[in-house]
């Protein structure tokens, strides 16, 4: 009898726990299902992201950018006379959860459009759902070409790997006149792999030499083995198409081991953390990005300022692209004239010369943005415009 | 030929010579007592015979065939069943299940048969259940067949352990202190049951026991070990008066003490 | 402080519902050596473990040096001034002999006392003196038993519980150990001795209790028990009489 | 040759950090037979405590002015982190392990995994998931010998790790608590019979192990430049493997195991591929458990039947 | 003959019921809820399979995500290779899809079972927590291998050749047909001579050996079956997700599986079923707690272990809960 009772009590405990979960969600400001009345006065935008897990910082960065864009749009009176509301759901970096989250955004939160994810493989998982359900989705930062191939409802606002890879290969070969380059890629990160592959293909085509290929995994902290191995190869630069979180450490490790060659990278570098972590060691390195802070448009400067006021720190590239994706979406909704997914999709597809924070955006037929890239040089803890490359 | 023969068995743990050069032979159909004071190495000998420990030296022959290097399960399958000093029944399983576990040789159905519940599986299962109930009947446990074994009183657990061992249809049964914790009434019943095993089921029994009433009554031959070494072997009457045995059990006279008559 | 050093009344100890000690009452007066004898499995060790609360008792009471120990943590019972030399010695095989002795003095860290007790150990068991810095795991069985007893003495206990000190030892060593037990008792320490070697146990003890399947079957002066045929019966069963 | 030497030096410094963490695993396992999965997270919390206490002591001002952080302040940071981690270790033991101490052996294992997950995620909430640059508690000075570069940070790691390990050795060999720990790891009941308060000794074990992990955390931060809330996961696992490799329960074993794992990892990353640097640890784990489960310096124990 | 007919009838009836439920599910629920229902089914397969070794046999694996990964990749890869063959032979209809899908699942199960065998053979000599750590290690090694297997898409994952990914074959019908099949098979296995032997190994390996139980062979068999089951779940998962990626099979996934079986009760099949559903639903209910979700989840795990380490049902099955309990039954107290 006693154990039966205990079974019962534990059951109640579990039920109570579940109830707490539900209750919290009901009172949470960001989510909890929306009523028809809400939808009459609101446009609901969904965001799915890794708010927990080993890529939580990427998800949280992006979410801040998106949130800021919507707050600003609401401050200007919203769109079509309605306020915008953001619902963010966590997918803990798991593709099953990403697909769950997108389904939930569509079925429970009744969103009109979806933003997300950072990782291409997760955007693929979520994008397939959005495509099937015919809800437009814009990925802020997934660079793998396959993402938008999922279907006509999936867009992005970032570079694709072949483009950016070619930009940096051209820069290294034609501008810096380098012939021997080492590649250090993050094998846990499809962005890094894709960019490294694209760079390598272009650079080899320009008859450059890739003298060493080393790898690390996201969240690694020790890079001394890789740097030591590169040290003996005579490389003139290292292409490190990773994220700022590791690149700063890599630069410092290289300096510590006496390897005085520049690092080259992509827009994943864009974060104030790069300078705090990399310190002096990162000076003299180059990376490609969407815009240069020192020659930025007013819009970009305003964005940086308001982001810094809002969150107490400067935006990362992920934050900027999150902001940009949200802006492109808001603009499309306004042009669509109605809050209806297919209309919004069409409007996004017709985005032309949209003045975003990272530059002018025009969606091409493959739902990828036509954007120009700039190459920045890091000097004294700042990234400065070096050149612009038309690949 | 003897059913079991040990020749010069040595077992060493670290620095401890637990068994030293023990040899004996157990005739088929006999009840063989293995006694000695606590720590003399009796249980170690059981573990060596059943393959739990591997001896450093010596041979163990079952019906003339060497058991050296075989795993316990293989030795058990060859017809050597045992019970344990500190009862080792499967406590959360029912009494019937405990016994059935040992019935592999009655169960030829494959895992696939079991998963698909084929006719062959069900026949085997029925045969197994029947045999288990016969054994439980012998030990007066059949009314407890569906009880959880761990909830049984101590004496019943001991009997269950023997019933389970018999499920192997062994030729040789090793009983490790079956009477431990039993009162004299229970011990007497145990005596009868051990005799029954030999007389009616034709088993050969080796018995480790501290309860001398049991040992002296049922064993034909008694082998006495102390400090891992053989100190005597003989029939009960001989062992009772053997000075080495008395010294080992009741303690040696202190040399300077003449008090005892 | 008066009254018996140890007093058990209607002690019951069970493991998972099975009673190993059913009903044991006994007392040990200060300065006495009392033996608790009985066949294997009679519950002797369980009685000792219950006294120091290594196993909690299910019913009855245990008073050690006048104090009821129910619910006390073992180390608190030990603090009362009782030491158990467990069956199988339980020396710390990964520590040196010296360190084993030091651990015996865990509750009595006075340097002078430690040195005095260590000297007593060496005097009682000269072989320990030779092996002071040797790893205790490398000692022979007899030496380990000596060490276990010496270790128990390090805390200056008032009551020592000895569990089968003769277990697995060669006869001459057994003799030696029992001599030292008598010597220890002469120094005023109370001793409860669990032993299966009846003859020795009755030789050194003033009184004895005979345990059969968890109950006291017989008790009395050693001298009387020594010639009591029932003792033999408890060990060798009816066989001897038959 | 230069490259090999360089890899070896890097591997040894990483290995000394593993060794410091492995000591905690091995001490707890030796006594409770529990794989304290949360130990890696204690290491992480130690690193963050160092991060925040250095911040509280005004390290940013020193960095801004390119002045060296005073050594005594550095020591305060170390001690604060060690004390905080010790407290955390004791708390974990009290709240999560003590209630299940007498449960079947796998129950505490799962509880430990739960605590580990809890601390990781709580760490993300408290410290933010972003990697943080570790403050320059020690300003970097480089020495070069024939192309092999050694920094004062690496030297400090060796020295601090060595001192702590020697300290631990003395503690375990010479103090009453240390002796009691060794007694407990051999036979917990016999230890009780000596009048040892076993709960207290277990508490001390967690405290000491956790403090060493915190020291490892600070050294790790100095050496590896950044820290993040998940840093304890893999590092912890590797340190555990180091403990198993050396022979769990053996303090010198943990040191030897830590150094070997550090070396193996670094050489794999340098000469095979960094993709397999984590895999090699697990391969070593599997091999050692299959071939010599008691570890390099461990002792075989016979199971009683 | 009568028996066979009866069984066939039950079989068909069950399939019809599942089909009917599937239709009802699709009609009555949103896609979101349907997905949770599918995930719950996949979880049930995982939990029931893992329970066979962790619960019944008492051998602890905490790296089961690795076997799920092998099954997922195996089924995905084989499915992609097989589809054109099936199309040529059987046309492009549902029959052809069902054929290549289920064959792919079986292939995934085979790969997973084989890897279970490879892992199990050497490591099942180890006991308890050591075995647990080794399985963890193997799980991580498997993930790292997939992460570096370029022909399987490395970190991006494997999606077949079509940009929309693997065909979404995983429907209610197939998930629950497999759930029914696996639950029945594992149930039958557990309550058979083999199952008794596995339980005996858990209870007392030395005694089991002494009863002529081929412990190593049985343990390895159970391990392989359990891994194969995880493989089926992996294959279903891959075709629900339309792709597989290595990061989906991290240690956390193995922990999820452990949570499933300990919530319900180690050793209980119905407990595993309840646990599988519980994890699918509770993770979903807590989703918008965002950063707080996993903190709560971890706390839940700790609290369960402390308050009720034997899980909701302990070792009993659901139907035993309502049966009259025998006096002094030792089920609860035994460990």
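Letters A, B, C, D and E name the chains as they come in the text, with residue numbers starting at 1 for each one.
We take it that a contact is a pair of C-beta atoms (placed from the backbone, for glycine too) under 8 Å apart; a residue touches a chain by one contact, two chains touch by 3 or more.
Everything numeric here is computed off the predicted structure, so don't read it as measured data.
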Task: Neighbouring chains common to subunit A and subunit E, by label - done: D
Task: Least step count from subunit D to subunit E, where 1 means the two chains touch - done: 1
- [ ] State the chain with the largest centre-to-centre distance from subunit C, centres being mean CA positions.
- [x] A
Task: Most heavily contacting chain pair (counted by C-beta pairs in contact) - done: A-E
Task: Distance from subunit B to subunit A - Cα centre to Cα centre, in angstrom - done: 71
Task: Length of the line joining the C-alpha centres of subunit B and subunit E, rounded to whole Å - done: 42
Task: Whole-Å gap separating subunit B and subunit C, where each centre is the average of the chain's CA atoms - done: 31
Task: subunit A and subunit D: spacing of chain centres that average the CA atoms, whole Å - done: 34
Open item on the list: Can you pull out the residues of subunit B that are in contact with at least two other chains?
Closed with: 14, 52, 84, 150-151
Task: Residues of subunit D whose C-beta touches two or more other chains - done: 121, 124, 275, 278, 305
Open item on the list: Among all residues of subunit E, which ones touch two or more of the remaining chains?
Closed with: 147-148, 206, 252, 291-292, 294, 328, 331, 333
Open item on the list: Please output the residues of subunit E touching subunit D within their complex, sorted ascending.
Closed with: 60, 62, 122-123, 125-126, 128-130, 132-134, 136-138, 140-141, 144-145, 147-148, 206, 251-252, 255, 258, 262, 291-292, 294-295, 297-299, 301-302, 305-306, 309, 335
TODO: Show which residues of subunit D lie in contact with subunit A when the two form their complex.
DONE: 2-3, 6-7, 10-11, 14, 121, 124, 128-131, 133, 140, 142, 144, 149, 151, 220, 223-228, 230-231, 234, 265-271, 273-275, 277-278
Open item on the list: Please output the residues of subunit D touching subunit C within their complex, sorted ascending.
Closed with: 176, 179-180, 182-183, 185-187, 189-199, 299
Task: Of subunit C, residues touching subunit B in the complex - done: 16-18, 20, 39-41, 137-138, 140-141, 164, 166-168, 170-171, 174-175, 178, 196-201, 203, 213-214, 226-227, 232, 235-240, 242
- [ ] In the complex, go through subunit C and note every residue touching subunit D.
- [x] 52, 54, 73-75, 78-79, 83-84, 86, 90-95, 99, 102-104, 106-107, 109, 151, 155
